[in-house]
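Okay, structure first, notes after.
Chain IDs A, B and C follow the sequence of writing; residue 1 opens each chain.
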Amino acid sequence: MNLPAHATRNLDLADLLQTLAAWVLAILWISPLLYAFWAAFHSSEYAIHFNVFAPLTLENFREALSRAPFLRYGLNTFMLVTMLLASQLVICTLAAYAFARYRFAGSNVAFALVLVQLMVAPEILIVENYGTLASLGLVDTITGIGLPYMASAFGIFLLRQTFKSTPRELEEAARLEGCGMFGVLWRVYVPLARPTYLAYGLVSISHHWNNFLWPLVVSNSVETRPLTVGLGIFGAPESGVDWSIISSATLLSVAPLLIAFLLFQRQFIQSFMHSGIK
Amino acid sequence: MGPTSNIMRHVYGWLLLTPAAILLIGFTHYPTVATVYESLFSKGSAIRPSRFIGAGNYESMMEDPIFWKVLSNNLWFAIGTIPTSVALAIGMALLVNRALPGRSLLRLAYFTPTILPMIAVANIWLFFYSPDIGLIDRLLGLFGLPGHNWLGDPDTVLPAIIVMTIWKEAGFFMIFYLAALQHLPPELKEAARLEGASRWYYFRRVVFPLLMPTTLFVLINAVLNSFKLVDHLFVLTKGGPDNASNLLLYYIYETAFSYFDTNYAATLTAVLLAILAVLALAQFFLLDKRIHYR
Amino acid sequence: MLTKLKRSVTGLAVAACMGAGMAAQADTELTMYYPVAVGGPLTEVVDGMVADFMAENPDIKVNAIYAGNYNDARIKALAALQSGEPAQLSVMFSIDIYELIEQDAIVPFDDIVSTDEEKTWLDSFYPTLMENGRTGGKTWGIPFQRSTIVMYYNKDAFREAGLDPDSPPATWDELAEAGKKLTKDDGSQWGVMIPSTGYPYWMFGALTMQNDQVLMNGAGDTTYFDAPATVEALEFWRALGATHKVMPEGTIEWGTLRQNFLEGRTAMMWHSTGNLTAVKNNATFDFGVAMLPANKRRGTPTGGGNFYIFKQTSPEERVAAMKLVKFMTGPEQSARWSIKTGYMGVSPAAYETEALQEYVKEFPYAAVARDQLEFATAELSTYQTGRVRKLLDDAIQAALTGAKSPAEALGEAQSQADRLLRPYR
């Protein structure tokens, strides 16, 4: 470091400016959420008239819960996300295993066809998929909301990459010990792909927790409606909105995911990073 | 019996693929084809059965002012959101890729909007934009500036939605840049420093070109999102006023589920599919062939 | 679904017990969909009414299923038609009538009523509420949860501006005049707000009726969007913002309007009677509720949901379904529904019940919607109703935001509506 003294000072100043910019941007970025928190915990007059000494209240949450069955919606979302992730893991693992280790006839074409779904997401085909679901009698069921997403091209793609990088020798060794096809998959490939599963799982959960359009089309009763759709309906009633109650309903809907994110932020951010590297 | 056995290899391969194949064909490939097929028929009802009309729906689409409106809105929406959010994402990634006080807190602040559902984001922002009583108008009022009907004015409704979308997406894209920055060899920076290169020069001539593959990946995703993401319209504007904020997918939803014209909705979907196909080709050729480290 | 079913079964068991040993078999089973704009407590009201019905009719079992908003209910009903899921009746948007007829989904009540008593029952409702339920000489829908538009005004603001709080504007001119006195220069208070998102066509239906013009014919195959009186009505709406400066320019959000009113940002607002309870509970100032002002006459469209009976039903189911409809729309139940929700009683007899008379005495504004019925007209409803409505909505918004002149916007909407409706004439 034989830089002249004034250059170091300049660098320090630049560093300081960057740090300042980073913080200003961060405060700007987080303030809408903080505002929603503020509104949710204060009565509606304070949502509009900002007052630091305004009394805190949980009344908005009580009111939101009494007006719409958010707990039930939460349960629906939970069931949807769990069921979906479980089926995705199984279905994508099998398909990825086939693509990674069985060079079967037509596998290249098949793989290309799988990748089509990366571009043509099921929500784009709502019209036809709704028709399909209606003919299967699955409209207004949680299974129906999940079905189009169960075979995930993204999941197949990620797992295939991971499986491919698994050393062949490990597979040979497992076979010598008498493992069959599924034995090898279960004992060798799946354990080694654990980081990929975690990454995919977190991305899938947050995507489907937040998904709206397709569930809106398919669900039309309290028993199937996920949180996002419940919130969407709640936020646009015929007779107008009460700001604080909407805010608390919004927080109720995002709370589980937000808390999970805050607790496991490192894993979340790593997962999203991981999932982006193709 | 292992993958070495020739016939069994094919059988096992296809058997493993079957569950995924059925679902993908059922919910991606079949509906894609069916969309194009349905678009060739007229709207049917119990009294008036649907009949083959060839390109009839496409002809009406060409004359449909709303179609052209939503298409151009989609374009402006993409132009408005993508460059800004990508630039912000790079900026954020650079800002938090160094050692600085509270780095993980900063990352958290940038990334949190990403984790929220768009519908919730729209609920929060609806109140910011609300005329007179909304937060933005109140802040303007503090400075003695007049309020504005942000979502009720066709000139400001799309920009208002664009700002919200940038807020939601920049942090998401930041993640990919952070990942890319972490893979840059640290010697590069040292070398640049020794040569006395300015920070800006170093970024422009070294970092930015190296980030090119990430930028392209992010760009494609951003464009896809701009067509896929319409959730906020349900809460904020319903596409209004006078379609000033309407987007193609929302128009498809309206056509299919409010007007029950599934055939015209299929026609519009076919256009959307064509756009996505072009994007896919662009990704294929640009990402895989042209972009190399310069 | 299962819990609902269980609850219904329990309800039935209770009903059977109350029938005290009578051979209480559920001979007919009905599934009914109903929408409620805001969920929660209202579902309990419906559940309670249905339970009472089953107690009175132990041979009929009713599964009442909350189906979301009006749009959800319609989609669900039409989807059920295709998939063969059994539903016998539903409460749906009153303006869905043509869509349902076109899909051959519903059966007219005239085909089900047999006795003279039942025939007179068809005529026992407010005639204006029947307008959206009748076409081609037949009755397809029976009014259940219905509303009109009323004007809420801030009496304190009236006093402050030197206006008489007990005589709200009764004509368009008075509205503009009062609005000018009420609008503050610093933008902290507007004179009046008429919402123009969500249901602009509905608000516009009031303005056109006040100008003595309807928006469509009774057959639902012709619209009058470009009639001179219609254009004039839109010009007036636009002028409130552009010329008189008593209303903000651009569109006004339906959902947040009530908050604006409660915050004192507007001295008057036009809104659904469905807001009455919320305004009553939240206003921190002295407020009033008035009929909408008149130009050539007074006027408002009705709004809300009707009962429909589906076509894919057996004769026994139809009779049972009609019994249920009769019960739910009868004076006692209608009064109960009105008090609990703010929707209006659907027949004069409902307002003669002790419960509703008591309530009106206590809270006279609850009767404004009823008194206004005399001037009411049907809500915009045609074949291809979703699309035609959207055409008008877009034209209104284009004019209010100044993108097009009222005449131009409405002319375009009319020619497109003509194109859509021609096949039905």
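Everything that follows uses one rule, which is that contacts are C-beta pairs under 8 Å (C-beta built on N, C-alpha and C of every residue); 3 or more make two chains touch, one makes a residue touch a chain.
Owing to the predicted nature of the structure, the values given are computational and were not obtained by experimental measurement.
The touch graph of these protein chains is complete, with an edge between every pair of chains.
Two chain pairs, A-C and A-B, are weighed by contacting C-beta pairs, with A-B ahead. Per-chain CA centroids place subunit B at a distance of 38 Å from subunit C. Here the spacing of subunit A and subunit C, counted between their Cα centres, is 39 Å.
Averaged Cα coordinates give subunit A a centre that lies 16 Å from the centre of subunit B. Subunit B has residues 126-127, 133, 257 in contact with two or more other chains. For subunit C, residues touching at least two other chains, in rising order: 75, 198, 255-256, 259, 263.
Of all residues in subunit A, those that touch two or more other chains are 48, 235-236, 243. Partner subunit A is touched in their complex by these residues of subunit C: 1-4, 37-41, 65-69, 72-73, 75-76, 79, 82-83, 85, 198, 254-259, 263, 271-272, 274-275, 278, 282, 284. The touching residues of subunit A, counted against subunit B in their complex, run 14-15, 18-19, 21-23, 25-27, 29-30, 32-33, 35-36, 39, 47-48, 50, 90-92, 94-95, 97-99, 101-105, 107, 110, 113-114, 116-117, 119-132, 147-148, 150-151, 153, 156, 175, 180-181, 206, 209-213, 216-217, 227-228, 231-232, 235-236, 243, 246-247, 249-250, 253-254, 257-258, 261-262, 265-266, 268-269, 272-274, 276-278. For subunit C in complex with subunit B, the touching residues are 71, 75, 78, 99, 102-105, 187, 190, 196-198, 248-253, 255-256, 259-260, 263, 265, 384, 386-387, 390, 393-395, 397-398, 400-401, 403, 423. Residues 1-3, 9-14, 16-17, 19-24, 26-32, 34-35, 38, 91-92, 95-96, 98, 100-102, 104-128, 133, 135, 138, 167, 171-172, 175-176, 178-179, 199, 214, 217, 224, 227-228, 230-231, 234-235, 249, 252-253, 256-257, 262, 265-266, 269, 272-273, 276-277, 279-280 of subunit B are the ones that touch subunit A when the two sit in their complex. Taken together, the subunit A residues at the contact with subunit C in this complex read 44-45, 48, 66-69, 134-135, 137, 139-140, 220-223, 225, 233-243.
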